[in-house]
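Can you read through this structure? Questions will come right after.
In order of appearance the chains are A, B, C, D, E and F, and numbering begins at 1 in each one.
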């Protein structure tokens, strides 16, 4: 199967990191295509960054549709553009926050999230509520590291994530930790060992959920509110979205 | 005060309709500037349309910031890009769905929404949950009319909205009706009379809420998760968002 | 417009304080009539005080109806008698707790309340739940000052409110503070400056919401559960409520 | 034990009906004192009626305190003044809506309420939410009979209640029915037989809960938010509430 | 009335303790039969212990049915097998966690639970949510004492429970404490005095609720999802459950 | 990997059906071992059946542990004994209701459940609430067919399920249907085609989720409330559970 792994930001290093983590975990028959939008923010750390990145995500979905993609992953912990993306395809589309929450709730009764910046905690809280996991998550914690520090100052960043994870283990009454950033995709093993709790990371979780859905021949429902958008005109720089019609 | 009324879609006729409705309701000192993005969908009827439109909304906020705007309204019932827009300014930013829900909850204990297409009901449901009004809304009903029919085939559209409103009054145990589309901004009086219930329309409600906040000298909090986004690089077609820094 | 501002307690000093704060914030055409019941508690600090005060509130509404009032405010943070008051009039009726919660949710994603006594926190919690803001409020904090100390020992009281507000800013992950007592109506500017967060005060917020609703020609729905009460006999000291019939 | 059964309205016939139903169900050692306020509405069918009646309830509690009462019941389905009443005494105070909901949830997983007028359904909904039973109640149904018709036109009223109960049984997927009016206290057996479901009536349920709490030596907590109100001045017609101090 | 008090574990000493506490609190006409399953865990401290114990509970119900029992109590704080037990009888069946939560919510607005081991807190949390008391309980606290230490090392155990209760009183903003283990049935008076808050204990609470329901002639609804199970074959060691048919 | 698929009932035909469905969907390296308890009910249609079956589930987990199992599935739609089973192993344990809900929420925003008997709908409702999917499920519908009719009178049963599914599609505003019984494991394709909506079946969904978790090296957390149970004595027929200690 073709699995398009969309890094919604435009930092190639992070796309590579994510792509490698996904490839390592993928089943033999899964072909990972790690991509990033042609345009957008170099990291996503605010609602504004998310709003801009969401458009690039849609373009990556449309590109994937032209290539016969079997499943998509949106590899940013805010799941930017997720429901929009689902409208564009019959294939499953998985967000990494969503994937991590689902998996964490299957191996523990309560978990905490360790994310990058405190200001993005509200994004996680809104997603937890929308997806149904508000009561499974004890606390959204922030290590207060900018996303790109994960690339540029990895060691210090990891140390802070581990510290926060240990505090979560000691104080939150939890069974598992969810890593709250796509850029942490290669840190799971190290953090798991250092904290001593199961650590759920979204990119890898999403790869496995995508494979699961494809294996079940389940794709995004085209009945009701996730049906293909009604074709219409778009103007200006978004004119290329005009008259979109589904592949089949 | 300068009130920038952003129609997130790119249909000039709808911008005009909305702008006129806003101007009629505005206080003497309120100067309404009705705008629309340079690029985007001609109507918003899906998550995808919303995701694209949300970028245009941000650009309209940035334009407003350069002109010393006192308050903003996002005039599409899905409130696209609302939290992102709030990050970009110290001024208040009001979504019309939000505005209508707040006002309806002040004059009735329970209300229903009458929107355009059934497929967008999920957007209203998600907003009701996030804003806290899930239990105040009995039902989200759809008249099943495409948004632009409000412009092009007004009479038939109004008849269907009135029908649905009457059903809501008869069946839902409610005290008020919320109109679920910016394009209905000029229909309030007609529907109110025909249905015989208070009808809350979001554009007008938002104008009054924006005036209220400005009168209270309350603007979007810049402490915590709605602070200005961290300046950063954007690439490609979104390069103009690079290094954004707040006006003051 | 005539705006009847009802202080539910019988302390004339507080009625004056509230009336002045309301007058300062009111739009040019808004005529504030600050009143208080002829009978009731000198301050409201318990469910019992609220229950007694709620009757005086109704009488003030009925007095207002005879005078052609355009909107009412109930200026005690527990919103005593709010739904009952709404039944008595076609005009909008706004509680100050309600007003403050609505406004705070428009400028921040999460807020905390700073109220007077810890024992009244449960009143705020019940209102937050009923109005839909339970998840928007991180914490209801008490400065542990009796209500009338705001009148009599203002400086010390303000110092404690500011202390509690600073703790809220430091610990609660919030963007705004709601002041939890009508008697704080004249302290907003001072507390805002001292704490460094937007501070939402209910009396002023309610004035602006009332003006907004009147501007929208929206009044309390008379369809359904807020319709005028069925006229009936009342006995004894409440005989004057017998056979109430709506003004028109 | 002395059990003061407070009918919050001032219709002596209903006080008698309720008192008889309570006496029939009471344990041998329970002495029922059925009372009604000296002043107030002859029936309670709105928030306004409730607000006025709540004051009479407090006076009945205070009268009871002077007589050494062991437990109180507030015998109107909206539980008017319940939390205020709890502040005034160390004895338990039970509302009949509350009592019925608790008991119904012990014998069924889901129940429906059959009340008098549709306009009071919102009162039941608010109580269900506050008490925690929102998900246990499938539906609040109204037979659309004024409260005093239960006294004056009993047969027709009962027929409508039975009809509504049968519809509830057929449509709601429930295991029990809650009768939503104190005036139905003597109808339990007849409705149970006619509908063929367990029928929970609040007056009788409250008598048994009050006996249970007294048997457990559990009374209203005087620690925290239900502590005795701070003594203070009341003015005018409520002057007699001034300087209230607990019996001991 | 015959009240069968089922201790779901197989420690005779605890059955005796519970039975004595129940007998002390029971009304004159209530005959307490304290029993325990023939097979099962000696204490219940995990989901696994609960799952095994739940079968013994059913057998005790069936034994009770043969003897003409009027009401049942399941005397373990996780209420193991409660809904299953209800299916087997027309009599009321009360769990002690359930009983304690109901009673605590009648005498306070907020309470905390003090239980034995932290690992069982999740069981209490799930029950609080299912029964509707999630918002009434501020916190589930654990004294971290194994259940049988209550029997074997009573003094030390009580000291820890009292410590935790005092912390709850000081920190949780509560009006009452719920004891979270059947084995604490004889400690209520001591803990109440030491902590200085009303203390609600489940075994005694359940006895009084059972008497209340029997007094009301209310039993488990046999309409809908608590109807007698459809008779069917059981195999192997559970063959004796085959073809169960209700007593009447 | 070794995947132990536990049919909690003792009908060998259903174990075979489920095993075949699982085997068809399993990845090449997954070895399905379909088992059933040595003792228990021949079908599960009530809380009572569930309570008995849950013990057999535990024994199958313990048997699996002795054989080096990598993951477990509990193949009855009520997920009987799920949390208990998780305590007994480091491997993941998945319930089929849980699996189906998770998967359905990834391909649609709202779904309905079609189950066998109306009386078991409450079981699904409780699970939806506990797992967090209460708002994602519009309605739990019953085809009113006994479980074993799926084996014995397959054609008629399927026809009724399809009818109910079509009603769900027409009335519920959903994007997907969840099949609410393990015995429907081989009907997915037929129902999908007949109804014209994505149909999520729990056995197959659970196989894929189990493979996903094993692929991620994520097993049940042994920190906190799902840790191995404390070893202890069990008496009588459950003596073999005494002194359980984890495999490693």
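To be clear about the criterion, a contact is a pair of C-beta atoms (placed from the backbone, for glycine too) under 8 Å apart; a residue touches a chain by one contact, two chains touch by 3 or more.
Computed from a predicted structure; not experimentally measured.
S.K.: Considering only chains that satisfy the touch condition with subunit B, which of them also satisfy it with subunit D?
M.R.: Of all the chains present, those in contact with both subunit B and subunit D are C, F.
S.K.: If you list every residue number at the subunit A and subunit F contact, are more than half found on both copies (same) or fewer than half (different)?
M.R.: Because over half of the interface numbers appear in both copies, subunit F and subunit A meet with the same residues.
S.K.: How many angstrom between the C-alpha centroids of subunit C and subunit B?
M.R.: Computed value for the inter-centroid distance: 28 Å.
S.K.: Which whole number of Å gives the spacing of the CA centres of subunit A and subunit D?
M.R.: 52
S.K.: Check each residue of subunit E and list the ones that touch at least two other chains.
M.R.: Correct list: 83, 109-110, 118, 121-122, 129, 135, 173, 224-226.
S.K.: Could you classify the connectivity of these chains, where an edge means two chains touch, as line, ring, star, complete or other?
M.R.: Topology of touching chains reads as other, fitting no named class.
S.K.: Let me make sure I understand the interfaces: which chain pairs count as touching?
M.R.: Applying the touch criterion to every chain pair yields A-B, A-C, A-E, A-F, B-C, B-D, B-F, C-D, C-E, D-E, D-F, E-F.
S.K.: What does subunit A use to touch subunit B in their complex?
M.R.: Touching subunit B from subunit A are residues 10, 37-43, 45-52, 54-55, 57-58, 81, 83-88, 118-122, 126, 129-130, 146, 224-227, 229-230, 232-239, 241.
S.K.: Please name which positions on subunit A make contact with subunit E in the complex.
M.R.: 109-110, 135, 173
S.K.: So in the complex, which bits of subunit A are touching subunit C?
M.R.: Contact set of subunit A toward subunit C: 118, 121-122, 129.
S.K.: Enumerate the contact residues on subunit C facing subunit B in the complex.
M.R.: Spelled out, the residues of subunit C in touch with subunit B are 25, 27, 83, 92, 94, 98, 102-103, 105-110, 131-136, 169, 173-176, 196-198, 200, 204-205, 208-209, 211-213, 215-216, 218-221, 223-226.
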